[in-house]
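Chains: A, B, C and D, in written order; residue numbering restarts at 1 for each.
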Amino acid sequence: MFRFFLRRVALTLPTFVALMFVTFVAVRLVPGDPIEARTGERGIAPERLAQLRHELGLDQPVWRQFLDYANGIVHGDFGVSIVTKTPVLQEFAVLFPATLELAFCALIFAVVLGIPAGVLAAVKRGSVFDHAVMTVALTGYSMPIFWWGLLLIMFMSEYLGLTPVSGRMDLINYYFEPVTGFMLIDSILSGQEGAFGAAAAHLVLPSIVLGTIPLAVIARMTRSSMLEVLGEDYVRTARAKGLSPLRVVGLHALRNALIPVVTVIGLQTGTLLAGAVLTETIFAWPGVGKWLIESIARRDYPALQGGIMLISGIVIVVNLIVDLTYVAINPRIRHGG
Amino acid sequence: MKEPLLSIRNLSVTFATSRGPFKAVDGVDLDVAEGELVAIVGESGSGKSVAMLAVMGLLPWTAKVSADRLAFGNRDLLTLSARERRKIIGHDIAMIFQEPMSSLNPCFTVGFQIREAMAAHLDLSSAERQKRAVELLDLVGIPEPERRLKAFPHQLSGGMSQRVMIAMALACSPKLIIADEPTTALDVTIQAQILDLLLRLQKESGVGLVLITHDMGVVAETSQRVCVQYAGQQIEMQGTRGLFADPHHPYTAALLDALPERASGRLLPSIPGVVPGLADRPAGCLFSPRCRFATDTCRTVPPSRASAALGLALCHYPLKDGVPQHREFAL
Amino acid sequence: MNQIAPHEPAARDAVMEAVDLTQSYEVARGLFAKSAIVKAVAGISFRLAPRSTLAVVGESGSGKSTLARMLTMIERPGAGSLRLDDVDVADADTATLRRYRGDVQMVFQNPYGSLNPRQTVGNAIEEPLLVNTKLSAAERRARALDMMARVGLRPEHHGRYPHMFSGGQRQRIAIARALVMRPKILVLDEPVSALDVSVRAQVLNLLVELQDQLGVAYVFVSHDLGVVRHMADEVLVMYLGRVVEHGPREAIFTAPKHPYTRALLSATPVADPEAKKERIVLQGELPSPFNPPGGCPFNPRCPLVMDRCRVEMPPTERKGEQLVACWAA
Amino acid sequence: MADDQALALSPAVPPVEGVPAEASPLRAFWSAFSENRGAVLGLAVVVFIALLALFAPFVAPHSPIEQFRQHVQQPPVWAGGTWAFPFGTDAVGRDVLSRLIYGARISLGIGLSVMLVSVVVGIVLGLASAFLRGIVEVVVMRVMDLVVAIPSLVLAILVVAVLGPSLLNTIVAVTVVYLPRYVRLVRAAALAELSKEYVIAAQVAGVGRLRLMFVTVLPNCLAPLIVQAALGISDAILEAAALGFLGLGAQPPTPEWGAMLADSREFIRAAPWIVTLPGLAILVTVVAINLMGDGLRDALDPKLRRS
């Protein structure tokens, strides 16, 4: 197990290096000189320019710059935002809990609905329920989520007035300093009555919007995995033992069917973070996705570079954890061939 | 003859396919008594497994099962509720499958799967179940049973897996075991071990055993009675010695002649053509296109069953000592 | 080690001669263990006479499929020599290999997997001619149709796809494809084990007739002793990558010398309920190829095992009509 | 050799009889495909939208960029508008229906070009890594791993940030994002085929590597690739629309559906149709293509085909 762990970790290192390389090269390819971006259109004295170039290490050879960049990242230095002048890592750390909270709730929404729906659809294959689940899943999978978000705001918030339109919190009625960065937890810690409800209400629509595609993917995957497993010889063996259908499906089949589903759930991390960019933009959710889009608009390339590096790094690490979990739940791999 | 454990009359199974209904089993009769070893033999597509899966109630929902009688002891399996039927399945009737490696659930230990069968049907404490599981593995010849119970199926070889399957089948002391090609996936020397084990257990416990196989050699060495199937129909049934000495259905005779070990010349007497599929089922006797004795009657009129003296052959002109008999003269 | 006294008929002219063929693989053992070296085939020698059939018998893990792959040069032998018409092809260059490729062809076990589902029967049979010869399209077609007729396929099957054909019919297509280059040797890897009895007889008969007509030699790999006894002139019994017994068919079947051959024969069910025979049921299973036993590989399961068997590999010696590798024989 | 010997077989080897002639592959495919009613419906909708896109200049009542200043934010005909602008007009008085019809050109165009480039590059890289193994495979697959590690939209944003927002760069960005799926699919399919006996049989027959790659193996990998290509079109349309929505795709006044949505966000209360209709157009198109793709999968992938 430990050997496997080491090997798997070692395999991700080249990906990290390549990621650093790509972000480094990409930002160098961006049209426009970073110095110009800093000084704006007022122009700059040549001596000052040379000094700035030296300060930023731009007078060094390219490989040297890359090594400095990589070295910085390894030591937690992801650059400094041009706009806010704060370190990128620090900005990211402030904003990331918001994204994490949203992504987590969206994933819970997707898993809690998706797996039972997929299992029931597979067991009742060909029934009205199956067709309904598959139709909803297909629609969800095909949904432009930015439009879906707007529709929900239009209907739930503007028309029915059930949920807040945007943001994480009702800041007029409640104010408290962030402790953990997670609004649900902080609202409880603040001790203010109604704060938790307000925080939860803000989360509902964004979670549904962000969870829609994962929900569709998980439901479809669970259904097809379940259908495949239900045809396996060992399920027939379980039925031949006279076990109840609930035990056959809920234990023997589901346990095996969940193995690929867990992998798919893990792979949704990327989808969730990508979807967060859109969802956060629509709901004015102060997370890293919205921040990334704003960085482009402000031509804040260090923030963009560092943000992409950090988000991708998180995805790589999560995928690594998923792989290790996969090993842990699959005895065939756990005990070697 | 003893009261049969399992009694089947005119069992038919029809599958709904996209190209219309497909009759996989067509009019099978079978009685199996306690302590008896009956073989069902046939080539692929003969419906031999499907018939027994129908008895177990293990067919997919696309299958429609009908029978004049399908009874275990004095209980009618056709009218039994699913819940009542599950009390018999796995308890009084157990089944062993062809692919031992894929028939065990890869996610659970061997011990869990054996104990589970007992937990479903027997009133035993968990310590008693564990004790019996150890005894069972010992009985089927698995060394170090305590350690093996903790193993996962992928850690076992094919032969070992089949022994585990047998132990699982025996867990609730069934009255009848159905073994569906239990040795086909195994090597010859392992096959010999498994067959010996099955025969020994059958003799010792007096359980009824239905052995489904395509191998005439296995039939000859194990069974007391043989039921031959072709294209879903039961075409002959008689005692094993009688069947090999004097087959009454032309298909049985041709099948035996086509075995290399029974042939004398350099060329084998082969059967032309292939088993009819869904699209090309002949009007009369299903074997008529390949039968060298076939007449116009055979090609147009479905045959009826001959007497027990003629092996219940489903044939217009059953063979006697290799010569076709006109039914009216035969009896 | 295996100084083979060559077989009398084969000694004069052999179309194929193998000396000490050996093949080892490095096998990854799961994710957690070190990879291991597995000797799949160790020191196999034989001579194959024209128009004759050499049967290779063994259970799974015996190395018989690896041997078949080496003989057809799908993979090169790790060591030893393989001579075709006195040319060593074991480590020949690509050009030599190409020249001899047409001389050794193969028929596979699974008739459903060995035909390309997107290739018509005609194209499958013509493909060897297309890539190896300069024949015109018309000539290729003529050769293919001729070969199809020989295996009992009708001309109208030329443009059909394999999925409409049954297992036995597909095996005929595979045989036609293998024989269209008129090879001297056909390696048949379990050619009938996936077929039903009635169809099996058709294919075996076809092989017999084609051997008479075309004079091709067969290497017939099988685990079915009934079929082997029917087809073979000579039999080579393998166990865990080694030859344990090798001799003329009658000698092997009527007077087996090696305890493994005897066990194999006695374990094979015979379709005759009257036959009373003494059953030798071997204990245990095939040892792990990663960790083969010392001495004779059969010693952990052998009923005649002696102390010597556990430490020393027995030499291959002539005993009666056959060559046997056993201390006790 | 006994070539001159009679070809007639002895009675012991009966010739092959009664192999039924097969239906043409196209007919067999259609009968399997048309079994799935959803797929046929999807196909019909896709064909309809494709025709609209193809004949946009003849079908659309107005120019997509002409601004009718007197008719700003006119509601659609069912909400009290006029037949002159059946789907109403947008904030600057452009005809929504015409913009939607021209938008179909852009979305389908992006989807098709992304798919075509991805399929071609995917086949080349996938086959190369499956057949050449070694360093080629390692490099190709590691690069694909990297692309996959970056969340799709984030990667597309990065590419657009480097190249600048435009329609063409949207295509490049979305292609980069979806390429790994095709490469991995082709490689996996090719590796699966390579382990089958017919490939070994072809090698024994002396078939060379190039022929093996493109004539023997590739046709057998096409079924999953076609399915992926169909579903890939819809994914590409969604991704491009998302970029358009973020202002990183097609630039105004191009009538791109995602960009139309972004333009109309602020009128969500006043003129809900400007928000609803472009999104609905995306949804209907993508659902139709996905329905068709599922039907293709059922028809082409025998493993999942209902028996």
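Simple rule for what comes next: contacts are C-beta pairs under 8 Å (C-beta built on N, C-alpha and C of every residue); 3 or more make two chains touch, one makes a residue touch a chain.
This is a predicted model, so every value here is computed, not measured.
Participant: Tell me which chain's centre, taken as the mean of its C-alpha atoms, is farthest from subunit C.
Facilitator: A
Participant: Could you see whether B-C or B-D has the larger number of C-beta contact pairs?
Facilitator: If we tally the C-beta pairs in contact for B-C and B-D, the bigger total goes to B-C.
Participant: Report the inter-centroid distance (CA atoms only) between subunit B and subunit C in whole Å.
Facilitator: About 32 Å, centre to centre.
Participant: From the C-alpha centre of subunit B to that of subunit D, how far is it in Å?
Facilitator: 49
Participant: So how far apart, in whole Å, are subunit A and subunit C when each is placed at the average of its C-alpha atoms?
Facilitator: That pair's centroid distance is 56 Å.
Participant: Round to the nearest whole Å and give the separation of the Cα centres of subunit A and subunit D.
Facilitator: Centre-to-centre distance between subunit A and subunit D: 25 Å.
Participant: Send over the residues of subunit A in touch with two or more other chains.
Facilitator: 335, 337 - these are the residues of subunit A that touch more than one other chain.
Participant: Listing for subunit C: what residues touch at least two other chains?
Facilitator: 169, 202, 205, 209
Participant: Among all residues of subunit D, which ones touch two or more of the remaining chains?
Facilitator: 10, 12-14, 20
Participant: In their complex, what parts of subunit B are in touch with subunit D?
Facilitator: So the residues of subunit B in touch with subunit D come to 17-18, 267-270, 272-274, 279-280.
Participant: Going by the contact rule at the top, pick out the subunit D residues touching subunit C in the complex.
Facilitator: 1-2, 5, 7, 9-10, 12-16, 19-22, 25, 196-198, 200-208, 211, 216, 219-220
Participant: Using the touch rule from the top, collect the residues of subunit C that touch subunit D in their complex.
Facilitator: Going by the criterion above, the answer is residues 72, 74, 98, 101-102, 105-106, 108-110, 113-119, 127-128, 131-132, 146, 149-150, 152-154, 156-157, 160-161, 163-165, 169, 172, 174, 177-178, 181-182, 202, 205-206, 209, 212-215.
Participant: Please output the residues of subunit B touching subunit A within their complex, sorted ascending.
Facilitator: Its residues touching subunit A are 56-58, 82, 86-91, 94-95, 97, 99, 102-108, 113, 116-117, 120-121, 152, 154-155, 165, 168.
Participant: Would you tell me which residues of subunit C are touching subunit B in their complex?
Facilitator: 59-60, 166, 168-169, 196-202, 204-205, 208-209, 223, 225-227, 229-231, 263-264, 266-275, 279, 281-282, 285-286
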